[in-house]
Every structure is written in C-alpha cells, then in structure tokens.
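In the two assemblies presented below, chain A is common to both, partnered first by chain B and then by chain C.
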Partner chain A sequence: MTTTDNSGDVRLSGIGKTYGSFTAVHPLDLTVPQGSFFALLGASGCGKTTTLRMIAGLEEPTQGTVHLGDQDVTHLPPYKRPVNTVFQSYALFPHLDIFENVAFGLRRRGIKSVKKQVEEMLELVQLGEQARKKPHQLSGGQQQRVAVARALINHPKVLLLDEPLGALDLKLRRQMQLELKRIQTEVGITFVHVTHDQEEAMTMADTVAVMNAGRVEQLGSPADLYENPGTTFVANFLGTSNLIEAEVDSTSGDDLVLKAGGGKLVLPRARCSAPATAGGKVLVGVRPEKISLTHADDAGEIPEGRNRLTGKIADASFIGVSTQYVVESPVCDELAVYVQNVERDGRLVPGADVVLHWSPAHTFGLDAAQDIDAGVETLEEEAA
Partner chain B sequence: MPFVTWLKRHLVVIAGLLTLSYLLLPNVIVTVFSFNRPKGRFNYEWQQFSLDAWRQPCGVADMCGSLSISLQIAVWATVGATLLGTMIAFALVRYRFRARGAVNSLIFLPMAMPEVVMAASLLTLFLNMGAQLGFWTILIAHIMFCLSFVVTAVKARVMSMDPRLEEAARDLYAGPAQTFLRVTLPIAAPGIAAGALLSFALSFDDFIITNFNAGSTVTFPMFVWGSAQRGTPVQINVIGTAMFLVAVLFVLASMLIGNRRNRQKA
Partner chain C sequence: MSTLTEAPPPLASAAPAKKPPRRRGRLTPYWLLLPGILWLVVFFALPMVYQASTSVQTGSLEEGYKVTWHLATYWDALAEYWPQFLRSVLYAAAATVLCLLLGYPLAYLIAFRAGRWRNLIMILVIAPFFTSFLIRTLAWKTILADNSPVVHTLNTLHVLDLTSALGWTAGDRVLATPLAVVCGLTYNFLPFMILPLYTSLERIDGRLHEAAGDLYARPWTTFRKVTFPLSMPGVVSGTLLTFIPAAGDYVNAELLGSTDTRMIGNVIQTQFLRILDYPTAAALSFILMAAILAMVTLYIRRSGTEDLV
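Up next, the complex of A and B:
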C-alpha cells in the first residue's frame, strides 16, 4: 500500500463549521501528508471531532474545501469518499457477525469473493477465531480491533479514528496504542486520530495539532510541542507547566534577562514566542521535571548560570519512580517539581526551605496577554 | 421444620406455577370442551369424549366463512398498520416538523379512548360519507386502532438505535437505500415484528368496533357472539384450541431458533 504519490494527502483549506450562532470550527488550514500519523488533540467540544467528520463527509462544512490528494471531495457524500472511519464506541452492526461486519464495505462495493480478504484482515487483528460471533459477545478491546479491521479492509486513502481508545481501560489502551501504531506502519495509510488524551497523541502521532475552542493552537511534532509550547493552553494541556509572570529587564546577547519577584531569570530569546521589549511582560515557563531541588542549606553548591527561585515545600507525594513536590514561592504559589528518586534527600519534606534551579535552556517564554490557566481546568475535568 | 425450608427454597417456583395455571386454566377448559359431545345446543357441561367436532371443524354453517373474513382482515390490517406505523415512527423520531408534538400525542389517542366511543364515531363518519359498511370499513377501522400500537413499538426501537450505526454504513460505501435496507431496517425489525404481531392479535379478536362498522359482514368474534345467544357449537372450541396451538408452536419455534443461535455463538 505504501505509495510515493500524494493521493493520501488530506488538505483542508479555510474549512469551518457553524451551527446557528455557535462556531464549532473556525476556518482552518491543515495539511496532513500521505502516510503520516496525525493527531488532533483537544478537550471535548474543541471542534476536533467536527473537523474529522468533515473529512469523512458526515458533516458538511459551512465554508472551505477538503481535498484528498488532488481530488476535491468537499461535496461528495461519505459513501463516495475513499476514507473510512473508526468510530468512538465502534458502531459495529449488532445484527451482523464479525465476518459480515468486516465484509460490509467490500460487499457494498459489489466485490463478490470477500472470504479470503476478510479472513486475512481478521488475522491481522488477531480475531480469526471470532469470525462467527456477534459484536456484543466480544470484549471492548476485541470490538475495537473489529472496528479497525472493518475500516482498513477497504484500503482507504485515509483512516479516521474518532477517540477509538476512549472506552478502554488504561492497560488495554496502552496495548492498543502500540497495536495501532504497528498497523499504521505496516499498511502505510494516512491516519488522522482524534483524541483528548495528550499522552496518547504524543505516543502515537508523528504530528500533533492542538485544538482549542475551534482553532488550531499549535502544530508540530510531539517533542517540539512539549519543549516549545507557543501558548499557555498548549503549555498546560500537554503535560504540566510552571508559568511565572515576569518583566523584561534587559537583553544580553541572545538572552533576555527577566525580573520575577526579587530575582532574575534568563531566557534564550529564541525560545520566547512573545514580543519582548524592555519593560514588557512575559510568562516564563519551565517543565516540572527540568527543575532541580536543593535544600536551602546547600544553596552554595548550585552551579553558576542557572535560573534560581527560592521557596518552601508545601506538599510532597512519592509515586515510585519520582517524587512530586509542590513548592510555594514568592513569585508563584504553586510550583510543581518532579524529582527522580535516584538519591533522595531526607531533608526535602513539607515545610523545608529550598532553592529551585534549572538551566536557562529549558526555559520558554510566552505572551503574558493570555489566560495563564488556559488548558489547566480541562485537564482536571478529564481526570475526574 | 424441613417443610418450611423446602417451601422457602421453592417459593418462587410455586408462585410461578400458580400464576401460570391461573393464566392457562381457561385455555385448558376450552381445549377439554372441544372434545365434548354436548346434549342440546350449549357446550357448558361435560358429557362424553368425542372427536366429532375435530373431524368436521367447518361443520357449522357460516363459521368458517367468518373465520376466513377475520383472517383476511387481520392480515391486511397488520400489513397496512405496520407499513404506516413504521413510517410514522421513523418520521417522529428522525425529523423535526411542524405539529410533531401534536402528532406524537394524538397517535396515542386510539389506545386511550374507550372502544365504544371510537366505534360509534367511526360509524357516524362512515354513514355521513355514505360508505357501504362491510369488509373495507372494518379494515379501515382496524388499521386505525392498530396504528398506535405499531408506532409505539417501533418508536421505542428506533429511539434506542445508535445514529452512528447509519453513519458507519454510509462511511462504508452504503448509499441511502443500502443503509436503510442493510442496517436501519434489520435493527428496527424486532420492534416492527412486535408491532405486527400485536396488530394481528388485536384485529383478529376485535368485537366492539367491528360490530358497529360491519354492516352485514360477520367476522369470527361476531359469529361467536351471535351463536352464543342460540347455542355454542363445539367447533368454536376447536378453532380456539387450534389458534392456541399455533401460538404455542410459534413461541416454541422462536425459542428453539434462539437456543440454537446461542449455542452456535458459544
């Protein structure tokens, strides 16, 4: 199936969807290259599923066009598009057995001898034994694999996955993530995957588009998004970020020197997505695992050139591989710090005075004119 | 106290058997009396075992004619009510149109209204229209009161249907007609079948509405009613028993098919 042409490209140009006065998707441009594993990530109601449904043809866009390769499919009904979907909750046909579910697409296209293909496909998803069972007799993970097989057997140009792992428990989800990734590599079809699980998106996709309130906030590789978030939403939604309000003091070479509380912090200019002029405000961000924690008594041992903040441990939770601290600091009441449990310092208990320090290279700067907590609440909601 | 323990353990079974016998006793009586050879015209006292009535089920004048009319009306009423009712149910669940709410509640009226009232109003309507009372007026009346039952049964089924199933079908290259035939209809089928069975039973044994609108046509329930004034032929019990047996066979067959399917799956 691997081809070098661009027939599996998905190109969305200015595509948008409004329901009455509610804008589900603001006009957006997006190109998913042939053969890539692309994830649309966002909280529920951010427009990611609507975007997917517009690619599938199940939703008519209010404006803009959808191209598959060079073909304009904007006004084609779903049954005429070379695209197949794996639905959330799978939508397996309850009155048909597994074999007929998988054969459905082939039969509708008038293919007579489906037996060999269906059997091969069921082997691929390791369900050869279950062919004559009804969907409700299978476990969630098995149903999910049937849904994938039912879509893949048609050799679509693009496979759309609408939160396909949402109904599975954590362990099974991890397993299916790897499984899907394996299948994608094997068949080489373009996958567009919608999810609200940032870990899932980062594990599986080559490229992630983070969506918020009907807009694409940022697009990039998982590592790029994680290390260089462009907005507070991305910083908070993908993992956890400590964001500190600071003022630009001066510039020195390629670095910006910032004032936060009483101290100074250094931020490489290249890692600041905000316009930074002296006196302007920026948000300084740093990931919790990049921060080291030293007891205040040993503050002298901290190497020069590192960003420092002082604080007091408010809470510590031991979670095996690491310990997660919450540190109160004059510049921010809750700083998260994750420390690997390599050599544990017995003095780092709640109430202890500490110095937080990290390399300036791990600092990122964001525009201060945005909601510092964007993306935080949604994460907590999902966890609840 | 072994008896009390035994009773406690089997209380549910005993209660079940008692209920069942309460329900089946009338049928048993009907069956037993179909083998009676009554003295005089009334078949109310057991006299002597006989197979006469079973040998000549149509031995009574006009009875089999009325049975055939009843069956024809029941079949056509079922077909008509099921077709219309299924379409109405889909319309009510799937589409938003003006007066949808009103239709939704009005459709239940025939179920709630006293039959005598409905029968009388229908008769008024037919007479004012100058319609000839008979087979067709009965059929129209039956379709009307069966409709609400079909709509109720099918609506419940369509409402509980996941709309994503049809989307999945469209996504898998099924056009609108194919989607309906291959996915929508098979999934709604149990509701449609339930509505059809109800319609058949309701139409077959309806007396009040039929009696008002029949003109000179005589259906089976009307025949039974009429003959009960003058004497009850044993053949009525034969027909009753036969219907009961057919129903039991249907139930057994569906159970057997269900069991075999389950065993195949396991």
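Up next, the complex of A and C:
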C-alpha cells in the first residue's frame, strides 16, 4: 500500500443529519486516511451509526458531502458506492447458503467465476468447511465471520463495521477483535468501526473519534485520548477518571497551581484544555492507576513535588492483578484508586487514613463549565 | 499413588439417589387435545366415511340406496363431467394468478411502505368479510351488468372486442361470461392471498434489503434475489388458500356465470340438491378432493418451501 494512494480516504465535509426537529448528527468534518482503522465511539443514540450509514449511502445527509478519495458519493445510492458494510447482527441472507452469501456481491457485479475467490475468502475467515450450510446453522462467531467475508470479498475501498461484535459473548469478542485487526492489517483496507465499547475501540483502532449527542467530542489515538481527555465526557467514557473541582491560585513557569479543598495541586499548563486565569475554576483530573496510596503514618516518605490529597479508605476490592480502592476525601466523595498488587500494605483497609499522591505530569485540566458526570456509564445504559 | 487414595469417593455412589422424573401432568396435553379431536371425528372424519360409502352405493330415491361397491360411478362421473373439472382448475388458476398479481404489490406496500397507514389498509383488506359472501357476489352482478358504467367504459375503449375474441367475454357483455366468474373469484379470494403474503413479507428483516443494496444489488435485483425468495412461504400458502376454495366454489359461477361457465362445484351442488343423485355427487366430491390434493402435493414439492426458514 503506497502512501500516496488516497482512493480509500473517507472525507466528510460539514455532514449533518436531522430528523424533523431532532438533530442526530451536527455538521461535522472528518477525514479518515486510507488504510487506517478508525473507530467512532459513543453511547447509543450519539449519532455514530447515522454517520456510518451516511458513508454507506443508507442514509441521505441533510447537509454536507461525503467523498471517497476524490469521488463525491453524497448522492450515490448504496449499490453504486465502493464501500461495504458489516451490519449489526450481520443481516445474512437466510435463504442462501454461506457460499452464496459470500458470492452475493460478486454476482451482482456480473462476475461469473466466483468459486475460487469465494473459497479463498472462506479460508481467510476459516469457514471453508461450512460453505454449504445455511446461516442459522452457524454459531454467532461464525456468522460474524461470514458477514466480514461477504463484505471483504468485494475489495471495497472502505469497510464499514456497525457494532459488529455486539452480539458475541465477551471471550469471543476479544478473539474477534484480534482477528479483525489481523484481517485489516492483511488487506490494508480502510476500516470504519462503530462501537459503544471503549475497550474495543482502543484495542482495535489507530484513531478513535469519541461522539456525544451528535458531535465529535475528541479525536485522536487511543493513548492520546486516554491520557489527555479534552472534555469530561471523554474523561469519563474512556476508562475512569477522578475529577476534582479546583480554583486557579497562581501560575509558576509552565505550571498552574490550583487550590482544592485545603491543599494545593500542580497542573502543567500544557495539559489544561481550559482557559486558566487566576481565580478561575477548572476541573482537575487524574486516572485511578496513576495515583499511589500511602498510609497516613508514612506521609513523610512521600517524595516532594507530588500532588497530594488526604482521605479515608471507604471500600477496597481485591481483583487479582490490582486492588481497587474508593477513597473519601474532603475535595471529592469518591476517588477511585487502582493499586497493582506488588507489595500490599496490610494497613490499607477500609477506614484507614491515607494520602493519595501522584505526579503532576499525570494531571489534566478540564473546563469547569461542563457536567462533571458526563459520560459516566449508568446501570441502565450498561444493560441496554 | 498416595494422592489417588485421597481422592473423593466416586460420583457413581450419588446416582441412585436421583429421583425418577415426575409423571404427573404428562397426560395433560392429550386431555387438552381431546375436544379438538372429538370435533374433527364428528364433523370431519365421520362425514367423510359417510360420503365415501355413499359414493359406492347404487339404487334410487324411491327404493333407497345400498352399498354395492359400484366403483363405476367414479368413472362415469369423470367421463361425463371432465369439462367442468378442467374449467374449475382453469378458472381457479386464473383467479389465483390474478390474486397474486394484485395482492403482492398491496401486501408489499402494507409491509414496507404504509407506515402509520398500515393498520387502516389492513382493516380495509379485511372489511369485506363484514358482509356476506353472497351479498358481495351479488354486488358484482350490478357492477358487471350490461348497462353499468364499467361495462360501458370497457365497450367504449374496445377492450371487450379483444376479450371476446379471446373467448373470455361474449359480444358486448361481461356478465354470464368466464371473465365475470374469474373476476368474482379473484375478488372474493383476494384477502386470502394478501394476508399470508403480508405475514411473510412483514417478517423479512429490513436490514436484508439494506445489505443487498450495500452488496451492489439494485432495487429490482434486491426484490428478485432477496425479498421474493424470502416471501415464498407466503406465496405458497396464499396461492393454496386461494386456489383450493376457488376450485371448489360454485357461488361465483352460479351468480355471475351461465350454463357455459359451470364449474364442478355447480355440478356437485345440482347433483346433491336438485337431481338427488347422491352417489354421483359424492364421487365427484372425492374426485375433486383427490385432484386438488395431488396438485397441491406436486406444487409444494416443486416450490421447495421446506428449504425456507
């Protein structure tokens, strides 16, 4: 795959979709470069599937254009677009066997000798033996692979995946994530993947766009999004974040000094996405695994220059590789702390007074004008 | 070896403790089936046996009928009334094809396009059942009457010249012709086509249409390769529900036809109720039943619906 080839680029310019008075997707610009594995991540109803369907041609955008490479496909019907979709729950043709399902796209384009290609494709997804079975005779994971094969055999410029792993159980999902990643690397086609599972998006994609309420909140590599979330939604939706309300006290060099409760916290100016002036409010964030926990008796041993908070352990759950603590602190009711189980301190039990401390470099700052709980997964969403 | 001796006692020792499955309630399904079975025995099986015995009787109304195993009645009935048999099959087939052609687009519309009008259209489809079959057929007599606007228009457009040349109508008349009978049959059995078609179309996952479009199928190809094959169960049951009663129907031919359009149903009716030749009537009934059964079996085999989900 040469880098100059851009025929597999997906370019969305000002694309938006409204249904009556409801705006499913606010006008958005997005470029997915050729050969990348791109994930649209968001909770249900955030507009990610609508965006995908507009690329596929299954949904007409209310405004804006869709380009594939240099071709404007905005008004082309799906059957004229060089893209293929792996549908949620697969949409395999129940009256056709696996072979004919996979051959469907080739036959529609008038290709006569499909046998060799179909057999090769079924080998790629390890379903050579199942060619003459009907879809309902296969397991969920096998059906999923048929759906991928049926789309990939057409060598689309872009492969669109609409929650392709949603119907699979956890173990199979992990397996298929790696499998899809392998296939993508092998065929080098641009993949656009829609999912609500942040772990799935981070495992598979090179670039993740986090969507919320019809807008792209933030776009970047998984590590970048995780380490430098730009909004409370991203901070809470991708993994867990501890967000603390603080007031800007002063600036010193490249750092901001903040007041939270009685203590002071240091935040590198570069890691603060909010405009910070003395006296202004910001939300200070830190990931639970970045925090170290020291018993209050040993507070003197904590190196200088680290951000500190005091608190009391409210709950501790041992989950093998780590222990997850919930700490009550004057600045925040529930601070999550994940501690690797390397050398466990027997004194760190519920009720113990502790000092939480972390490197200022691991601190990020967010605009305090946002909902602090945006993107926190509630139980109902989990069940949906 | 010592670890083996410490192994827990074999599981087999626990096996005898397993209780046999509970027997109570096992007969319940049969008790629940009993009323239905009784109904079928009294109102289906017994009359069938009675008819079968009637068909092999000889005698007359005055002297009474006796079972003489006179199987020649079947042969005689077939030899005399084969044109009416043939006509029944032809008319029923024509009506079935017309029902399919008219009903499919409507069922498709209701299933995929009607949106909030769906229930209203469904009610309109079923609405004719609220009035009697007979009344509706009589209404067609008015619609197709010689001086009716419909026939007048068809005459003005010279459509009847064409249909008369084909033998479907006679001169400038529609009433008392094959066309009138087929129209009546089509009208009366149309809902029996639409309902099963709708049911099977409605079950088709809309995403299959999207998937076909996504895989380069134009709308018409999507219909040919995905929608229509998946609606085959509806097509088969719809055609059966239309063809079978239409082949045995006599009301339409009686009210809308003439002596030249008599169907086998009319013959059976006349034999039973006017000529009172019960053996011939019973024999004709059995021949009709056997013929339909044979045709239906062949049809289901050919259409291969057992393969469909």
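Basically, the second predicted complex is superposed on the first by the 374 of 384 C-alpha atoms of A that agree within 3 Å, B and C clash if a C-alpha of one lies under 4 Å from a C-alpha of the other, contacts with A are read in each partner's own complex, and residues count from 1 in each chain.
Just so it is clear, contacts are C-beta pairs under 8 Å (C-beta built on N, C-alpha and C of every residue); 3 or more make two chains touch, one makes a residue touch a chain.
It should be emphasised that the depicted structure is a prediction, and the values quoted were computed from it without experimental measurement.
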Superposition on chain A - do chain B and chain C clash or fit: clash
Touching partner for A:Lys133 - first (chain B), second (chain C), both, neither: first
First, second, both or neither for A:Leu58, with chain B first and chain C second: both
Intersection of the chain A residues that touch chain B with those that touch chain C: 56-58, 77-79, 83-85, 87-89, 91-95, 104-105, 108-109, 134, 150-151, 154
Chain C-touching residues of chain A, taken from the complex the two chains share: 56-58, 77-79, 83-85, 87-89, 91-95, 104-105, 108-109, 134, 136, 150-151, 154
Residue ranges of chain B touching chain A (in the complex, touch as defined): 162, 164-165, 167-175, 178, 182-183, 186-187, 189, 264-265
Chain A residues touching chain B - in the complex, by the definition given at the top: 56-58, 77-80, 83-85, 87-89, 91-95, 104-105, 108-109, 132-134, 137, 150-151, 154
Interface residues, chain C side, partner chain A - complex: 205, 207-208, 210-218, 221, 225-226, 229-230, 307-309
